[in-house]
Amino acid sequence: ERDKYENNDVAGVVTGLAWTRVGGDILFIESILSKGKGQLSMTGNLGKVMKESATIALEYIKSNADMLGIDPNVFEKYNVHVHVPEGATPKDGPSAGITMLTSLVSLFTQRKVKKSIAMTGEITLRGKVLPVGGIKEKILAAKRARIKEILLCEDNKRDIDEINPEYLKGLTFHYVKDMSDVLDLALTKEKVKNAKKL
Amino acid sequence: ERDKYENNDVAGVVTGLAWTRVGGDILFIESILSKGKGQLSMTGNLGKVMKESATIALEYIKSNADMLGIDPNVFEKYNVHVHVPEGATPKDGPSAGITMLTSLVSLFTQRKVKKSIAMTGEITLRGKVLPVGGIKEKILAAKRARIKEILLCEDNKRDIDEINPEYLKGLTFHYVKDMSDVLDLALTKEKVKNAKKL
Amino acid sequence: ERDKYENNDVAGVVTGLAWTRVGGDILFIESILSKGKGQLSMTGNLGKVMKESATIALEYIKSNADMLGIDPNVFEKYNVHVHVPEGATPKDGPSAGITMLTSLVSLFTQRKVKKSIAMTGEITLRGKVLPVGGIKEKILAAKRARIKEILLCEDNKRDIDEINPEYLKGLTFHYVKDMSDVLDLALTKEKVKNAKKL
Amino acid sequence: ERDKYENNDVAGVVTGLAWTRVGGDILFIESILSKGKGQLSMTGNLGKVMKESATIALEYIKSNADMLGIDPNVFEKYNVHVHVPEGATPKDGPSAGITMLTSLVSLFTQRKVKKSIAMTGEITLRGKVLPVGGIKEKILAAKRARIKEILLCEDNKRDIDEINPEYLKGLTFHYVKDMSDVLDLALTKEKVKNAKKL
Amino acid sequence: ERDKYENNDVAGVVTGLAWTRVGGDILFIESILSKGKGQLSMTGNLGKVMKESATIALEYIKSNADMLGIDPNVFEKYNVHVHVPEGATPKDGPSAGITMLTSLVSLFTQRKVKKSIAMTGEITLRGKVLPVGGIKEKILAAKRARIKEILLCEDNKRDIDEINPEYLKGLTFHYVKDMSDVLDLALTKEKVKNAKKL
Amino acid sequence: ERDKYENNDVAGVVTGLAWTRVGGDILFIESILSKGKGQLSMTGNLGKVMKESATIALEYIKSNADMLGIDPNVFEKYNVHVHVPEGATPKDGPSAGITMLTSLVSLFTQRKVKKSIAMTGEITLRGKVLPVGGIKEKILAAKRARIKEILLCEDNKRDIDEINPEYLKGLTFHYVKDMSDVLDLALTKEKVKNAKKL
């Protein structure tokens, strides 16, 4: 039995879409801050490439802090920890990139993540979003998990076009090219309840 | 021959339930503090995922110190060491998560752990408890070891419902959703004898 | 389907040519700076030799900062991160050397990279450019991706001479011996829009 | 041919019992201090679990320094090195735990180790002693090596009860539950000759 | 097709002789300094033993700085990077030792390397030169590459004596016992053009 | 063809006896000091156990500095590098222990090593010398290399007694129990020429 969407309304928690040996699934990216000196750590039985996604997201955020409205001193006063449940499942690949980016920007801005949304896509350092595989399986898993809106790279539109529209009922798709598209669509302007003062 | 429950009345010592190649068993999570600079070390022949559980528990505690009534300066003045006897047995998997969390919160608050209780469940960074496998074998081992109360994720209730009630006599089950449920049920308000002043 | 050339007009983004198991392809080297203490980090599923290329490029730049018009204090105030999309593809070998050099010099000088240009070649610490393999496949990929100008080591001219001129229509070749040739040909005198003040 | 017991009268040198592919044997745990900053290093061709025993022993000692009469500043002014001859033999497992604990407490207190005594048993962080395997082979080796007294976990008494009493002549057994039992039985109140002032 | 000798007239660039699976070849050792704290780094797809040669050379130089006319403060103010093109070829073994020593002494003294010279030989910490293998293949490669003078360990003279003198025409051999012989023969008294002030 | 004894008259250079797949051989332990902060590094294609021997020797020396007449401040002002030629030969095992100890004590005291002497034996932290294997092969190699005196553990006397006395002509054997025996026999009272002032 597969996971159900819960909610994204804690800062730093974002729903992604994964493609595993046993089919599509949703996953959660969870990030938290603790006092520290800017170290990034990760757990969740993650492979090298998936860990690289978190590094790329954090480097992008650091380099574009002004544009994102983040005080750059924050990076030197806190450690960031990124976790991806469930520990028994090995996870790898670049497709959680935009989910990680959204999680970290939510964390550093304490902005609320939009409800019922999930996403999948690789990120690049210069801010582009790249297409990923397993789209059909991921979409079916999203539906089962009661996701309403999905963010994908615009180059993945062709994958959606090949799916029987019957299966897509009740889902809204947003196609993105750049990280700024992702953040505009996935984050609300509102802060989370009990937002941390960073 | 399997282990017997002893007691949880030292701060930082908590009984967990494990599922090994040779069946269910109980295990103990033992944590201690020594003067230091906030390093976390682990022993007990632990695999990568089980080590990650201790990291997740500590990161969660650091990020929620206020809520848990822990002075955040403690994290910078002490090192934490977590050990899981018995060294000859390799151990892995995420199911000791709530046991580790309970151990570390008991350690940092010096609160006493409830008597005759054992537990099994994965933890997430945002404070959820996830279900784990091997429930039947773990429950039988708990009974043999004279455990009286067991903490499980509410999603593991279905596993208990499938067990012949005959086998469950004398056991009380508590189903939990969040870390706060775990801590409410597993820790007493009382401090341990000779509690450390942190 | 293969990548298309986009543009090189962000500082630190340069188009290279790669030769993979499935034929030639273009790739992008992306570099960014963030406040730090001179550390070099890399992502993109890179093998040991490809990582060495970034190290060689950075060491060369540090040792020749004056000649390149770079304030040497920059190296101690910023961290450099180099990424090569796409994370799912393992990449290795020395042939991205001149692309990495160009990326890093563009980053440290904020000079604009020439439009529609791509390159491939190994670098040495003393500033020479060495020939690389897979030239035919790389050239065909460059054409498909709408590259107009290509930088190669002069020792790779013989590889171009063996290709049917039909295939080379619309491509201009520049043969280089030294790093300074590469930088003269690949970087414009102009700074990028919104150039960072380093 | 097997080792002979020599003596334990240097601080930090304690005789243990080992069970190897070629039968039982005695081994020596040797520890020394040198000026430093509290680092623990180990040699002797030791496996991961055996190294963990030294870590557990040291963490236990640090956390219980008061009870053991050790000035906690010592841990920050000295490095500890633990060696187990003979380098050509790979060694692993948790059974040298109480031997390592005794060695380190002797080292930090400069108390003399009792003559003609050897021991085997796993340690836990909360101070319990756990039973170990290979008891029969270890006892025979102890006798050949002219050991007179042996310390074992009380749960290993059943293993002794199964040995032909003929083989046990001249040996005295002490069964222990806790680390404090071990230290009471293995260390004298006397300091070694030329005791170091720590 | 094999490499051609170019020149050694940049400080820190020296020609060596290598013996690979596909026969003899020449190689270049390239070293540069950048501001730093005395770290030694290496690139060029080097194996453990070849990396050790650079370490031995640097340790020898540090320990004999006075004799070599090098201000010992230099070692704490600069990092040294040693590279051996070509990255696609894995390289190992101790035979580049004297080439690395010559490269580093040239770098730290800014003395010019003699023209048209190449060398091969293992170094020791006490300053001896040891014989190496593959002499015949290396000599033939040197000739093809237009080398004029070759430095070898005196114990390799017997290998030269077994080669048909026909093949040796145009080559001058220098047999060395100690590092000081190497440096006397390989380095000129002159500094390189634009010598760095260290 | 095997190595010849040269001389031990540089501080830190001592002749040992090795037993390799191709028979016995002599080897040299070479140690040097450079300004630093007390780090120990090693080269020479050494395995884990052989590296441990150098660590044990250095820890023993640090802990017994007074007895050995060494100013303990030396350990914090210098780095020690130990090398064992020849890099192409992998080396391992504990038998170079007394050779490494002698090398390091010679280095730190600048005392001259005795002429024409070689040695083999394992060391322990408490200062004992343990017997080693391959004695016959090592002795024959020593003779071929023109060694005159040999230091062995007293427990290796039985191995010498089994060798045809014919083969032992011209060799003097010294049997040792403790490190102090080794140092008394191997080091002269004299300092080396141009002794370093530490």
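Quick notes on this structure:
Note that the chains take the letters A, B, C, D, E and F in the order they are written out, and that residue 1 is the start of every chain.
One rule holds for everything that comes next: a contact is a pair of C-beta atoms (placed from the backbone, for glycine too) under 8 Å apart; a residue touches a chain by one contact, two chains touch by 3 or more.
Computed from a predicted structure; not experimentally measured.
Graph distance from subunit A to subunit D, where chains that touch are one step apart, equals 2. Compared with subunit C, the chain whose C-alpha mean position is the greatest distance off is D.
Taking each chain's centre as the mean of its C-alpha atoms, the one that lies farthest from the centre of subunit B is E. Superposition angle, subunit D onto subunit E, using Cα atoms only: 120 degrees, a multiple of 5 between 0 and 180. Per-chain Cα centroids separate subunit D from subunit F by 30 Å. The distance from the centre of subunit A to the centre of subunit F, each centre being the mean of the chain's C-alpha atoms, comes to 60 Å.
Arrangement of the chains shown, judged by which pairs touch: one closed cycle in which each chain has exactly two touching partners.
Beginning with subunit D and continuing to subunit F, the ring of touching chains reads D, F, E, C, A, B. Residues 48-49, 52-53, 55-56, 59-60, 62-63, 72, 75-76, 93-94, 97, 122, 124-126, 128, 130, 133 of subunit A touch subunit C in their complex. Put simply, subunit C touches subunit A in their complex at residues 6, 10, 12-13, 28, 30-35, 41, 43-45, 81, 83, 85-88.
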